[in-house]
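Chain naming follows the written order as A, B, C and D, and within any one chain the residues start at number 1.
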Amino acid sequence: MSTPTEPRDLHIVVWNENVHETRGDATVVEHYPHGIHTVVADGLREHLPHADVSTATLQEPDHGITAERLAATDVLFWWGHVAHDEVSDAVVDLVVDAVHAGMGLVVLHSGHYSKPFKRLMGTTCSLKWRNDGERELVWTIAPEHPIAAGVPHPIVIDRQEMYGEYFDVPRPDEEVFLSTFAGGEVFRSGVAYRRGLGRVFYFSPGDQEYPVYHHPDIRRVLSNAARWAAPVSGRRELTADPHPRDWFLTDGAGRQGA
Amino acid sequence: MSTPTEPRDLHIVVWNENVHETRGDATVVEHYPHGIHTVVADGLREHLPHADVSTATLQEPDHGITAERLAATDVLFWWGHVAHDEVSDAVVDLVVDAVHAGMGLVVLHSGHYSKPFKRLMGTTCSLKWRNDGERELVWTIAPEHPIAAGVPHPIVIDRQEMYGEYFDVPRPDEEVFLSTFAGGEVFRSGVAYRRGLGRVFYFSPGDQEYPVYHHPDIRRVLSNAARWAAPVSGRRELTADPHPRDWFLTDGAGRQGA
Amino acid sequence: MSTPTEPRDLHIVVWNENVHETRGDATVVEHYPHGIHTVVADGLREHLPHADVSTATLQEPDHGITAERLAATDVLFWWGHVAHDEVSDAVVDLVVDAVHAGMGLVVLHSGHYSKPFKRLMGTTCSLKWRNDGERELVWTIAPEHPIAAGVPHPIVIDRQEMYGEYFDVPRPDEEVFLSTFAGGEVFRSGVAYRRGLGRVFYFSPGDQEYPVYHHPDIRRVLSNAARWAAPVSGRRELTADPHPRDWFLTDGAGRQGA
Amino acid sequence: MSTPTEPRDLHIVVWNENVHETRGDATVVEHYPHGIHTVVADGLREHLPHADVSTATLQEPDHGITAERLAATDVLFWWGHVAHDEVSDAVVDLVVDAVHAGMGLVVLHSGHYSKPFKRLMGTTCSLKWRNDGERELVWTIAPEHPIAAGVPHPIVIDRQEMYGEYFDVPRPDEEVFLSTFAGGEVFRSGVAYRRGLGRVFYFSPGDQEYPVYHHPDIRRVLSNAARWAAPVSGRRELTADPHPRDWFLTDGAGRQGA
């Protein structure tokens, strides 16, 4: 087999709106005293010891996101819930452009309603939900997929918010996980897309009221997703034209774009 | 909207191995005294009053399947369970060739292990199962799909055998339904494929021990599937070369096939 | 076979920016003296004699597009080229919402850069192009697809603008046509997507400088596409929530959307 | 970015029917004096210096393929043309089972008609062809795909046999390359599938009459394909049940397969 890569210089940024935490929601603070982003980042560092993992939040200048920082980022994780509308459109443009140019994006839980995800999907991204703290089972339906490597079938999460179908997203390019809930609902909980030169993975487990990002199997999935979403052949230049010149015949007669 | 088609001359054959019934398995005979095929056929006639629906069983000469009959068939339904190996390879060849040439095929329940389905899929088609007579919920994940027209979300089947992932089939071209079971398992219960000029739909609800084919929503799904699987532009000639000559440039220089 | 539907009340609107024509570009006016939209509409009427086909242009109030009109529209055709930016965002919102709610959308040629298409795709939709008036061959790679019914393999267009890969769109749900050009380029010229409850078809043949929409095979494709894109189970209410209540369990415990 | 993997112990077998060569077809012997397999193997070694690359041919006992050898193989390359029928069904069974259990398979050129490929596809795999020694252009339509890494757009092959659509295969899970030919035809020349736990890549360039496997860009594609097709999480045991026990709930109540 191919010896698993030990990524030496994978650059990851974990973004979190960080609102539940800063306003002091008791349950959230209990599970995530330093913010959801810090626990997600620690989970990534656990499995990717040589990666460079940093964080960014809504409260920072420019929400912690600049063109320069994204140009040096291989994979961006995104967690948001109550403050989607507070994310500036300029930052959303940067994120979407970076994905088109090859940056990986991993969208978590209620991030299904975030501006960058909706922009990349082109659908409403609505879903059915009910928060009764019930058991979620995460079943693998693509056993050969690298994002599913090393996790049990199913992953068992004792208490979770229910997310259910119909999930209004485009048909996934790859479906990795399906979740069921004690109430009988089903959800496409791990779905992958290509957008331009970038890869997008949406993974639903992870409500703020439950300690899901402390779960060892979930941390493994997130780390697998980081590896999978990273650009294959190096970071691309984030130019206005995301398609480098080597994608053209050299006769100069053809033009890409407008 | 487009007025729903009233198919005038849709020709449907419902095939059943008919072994549980002929050997007198008590529960099966109770639900299906004249065979599963007759109940499936009645369900189709209910929603497709102008269709020509007939049946065929393993016990008939040639299992009731000849090249001539298939050439006049738009959609073949297939139910089998304990006698897959008794189906002659010659008949399997006829069915597979007919699908390649444009005939629709709807494979039911334990037909996932039938020879024609395995031949068309190229995988083991294995799955996880457990028969505890528990509740199955059939959720629609492609609400715009014609096979899902007119059914509730979810369809509720009170008692059923459990079929669960991992279901070893190729990635579906279209996923219409996902089922969950009281035990927490999940299954891709309604999946669609194209093979050559033909369409294939696999639908898992329908164990012999439960009266699933009497369920009004299940009958509607089967009828929708018959309409969907029928050839779009007329029945094709079942020649050795399934690709009619009009699929070629007329210069005669190119050849299809060997 | 299923007798081909004769749609009684298919409601189609053909939208055109109508700028080349109104400003008097000589070649365009020669081929399309009353506007591209009128020729596309005539082509649809030719094959769909019972359909209600109307037109709309950028120059009309609200560009001829209101919520009421879209609510009564099964399929919207969209042709635009030099005035994409002049289409108001309010109208784009209406079109995108209507697609999510079930309206079909057929995007033509340089409409790949239109606001509604880019919004629904989530990518740059850029492509390679060169206008040398060369031969385009349109090959069918999904012979069973209804949009390909009745057209030769390949369709030959004597003179056309070249559109070539890389075409920066999401992986299509269905690929119907591939085009090649005399210069050797290739293009995914007929691709289909689902977005919410609506279907989207992009078809590239049709530059304003060549009489492509007078071509009998192209007119057949457009008519096939109109039938295919129409909602399957009736026009939906265009409410804020595109997912009718029957998509929920009736226990009232679950909620769709925010 | 993720530092490109240097596979230390990738085990590759290149299989060739080796009939053109052993019977002394002049043009073939000129390009491939020691057999096509040796040139393909050399190309792989060039880009994968730490891989273990060996060869096998039809003429060897068991065609050089045993269960033991496949159990130690990560990726099998397959080239065949005039002797498909001479491959024993027992060997085909071994190959298909190995793919289901996770072995990668890369099928080359006229291998589209090989028994293993047809078995894994479930279709006729027929195509259109014409041998006029004309120019083939291989265009990338999945620029982010690892199999396309490092190759120009397009790859130019000066003289080749034409393979054209309609190519009767299932819809690919991933399309990487499209080829055009001087005659105007088009072909899906690089397509990827998952079958069970294994990955399958079909790549059409490579007729025996042209020195295609000496082409540096083609050699890079083959090497990329070897990396991509290798099992992600280690070689699996080739047991009768390809799905290891860890794919089950541990309550013992459910069973996979028959």
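Descriptive notes on the structure:
The definition used in the following text is that contacts are C-beta pairs under 8 Å (C-beta built on N, C-alpha and C of every residue); 3 or more make two chains touch, one makes a residue touch a chain.
Computed from a predicted structure; not experimentally measured.
Chain grouping by touching, computed with subunit B excluded: one piece, all remaining chains connected. The interface with the greater count of contacting C-beta pairs, when C-D is set against B-D, is B-D. In the contact between subunit A and subunit D, the residue numbers used by both copies make up over half of all numbers at that interface. Relative to subunit A, the most remote chain by averaged C-alpha coordinates is B. Inter-chain spacing, taken between the CA centroids of subunit C and subunit D, is 38 Å. We define each chain's centre as the mean of its Cα atoms; on that basis subunit B and subunit D are separated by 32 Å. Of all residues in subunit B, those that touch two or more other chains are 140, 142-143, 153-154, 164, 166, 171, 185, 194, 196, 243, 247-248. Taken as a graph of touching chains, this assembly is fully connected, with contact between every pair of chains. Per the touch definition, subunit A reaches subunit C in the complex via residues 96, 100, 113, 119-124, 126-130, 132, 162, 164, 166, 168, 170-171, 173, 183, 185, 193-196, 241-243, 247-248, 253-258. Interface of subunit B with subunit C (complex): residues 1-5, 7-10, 74, 102, 140, 142-146, 149-150, 152-154, 194, 196-199, 227, 230-235, 243, 246-249. Residues of subunit B that touch subunit A in their complex: 135, 137, 139-143, 153-154, 164-167, 171, 174-175, 178-180, 182, 184-186, 188.
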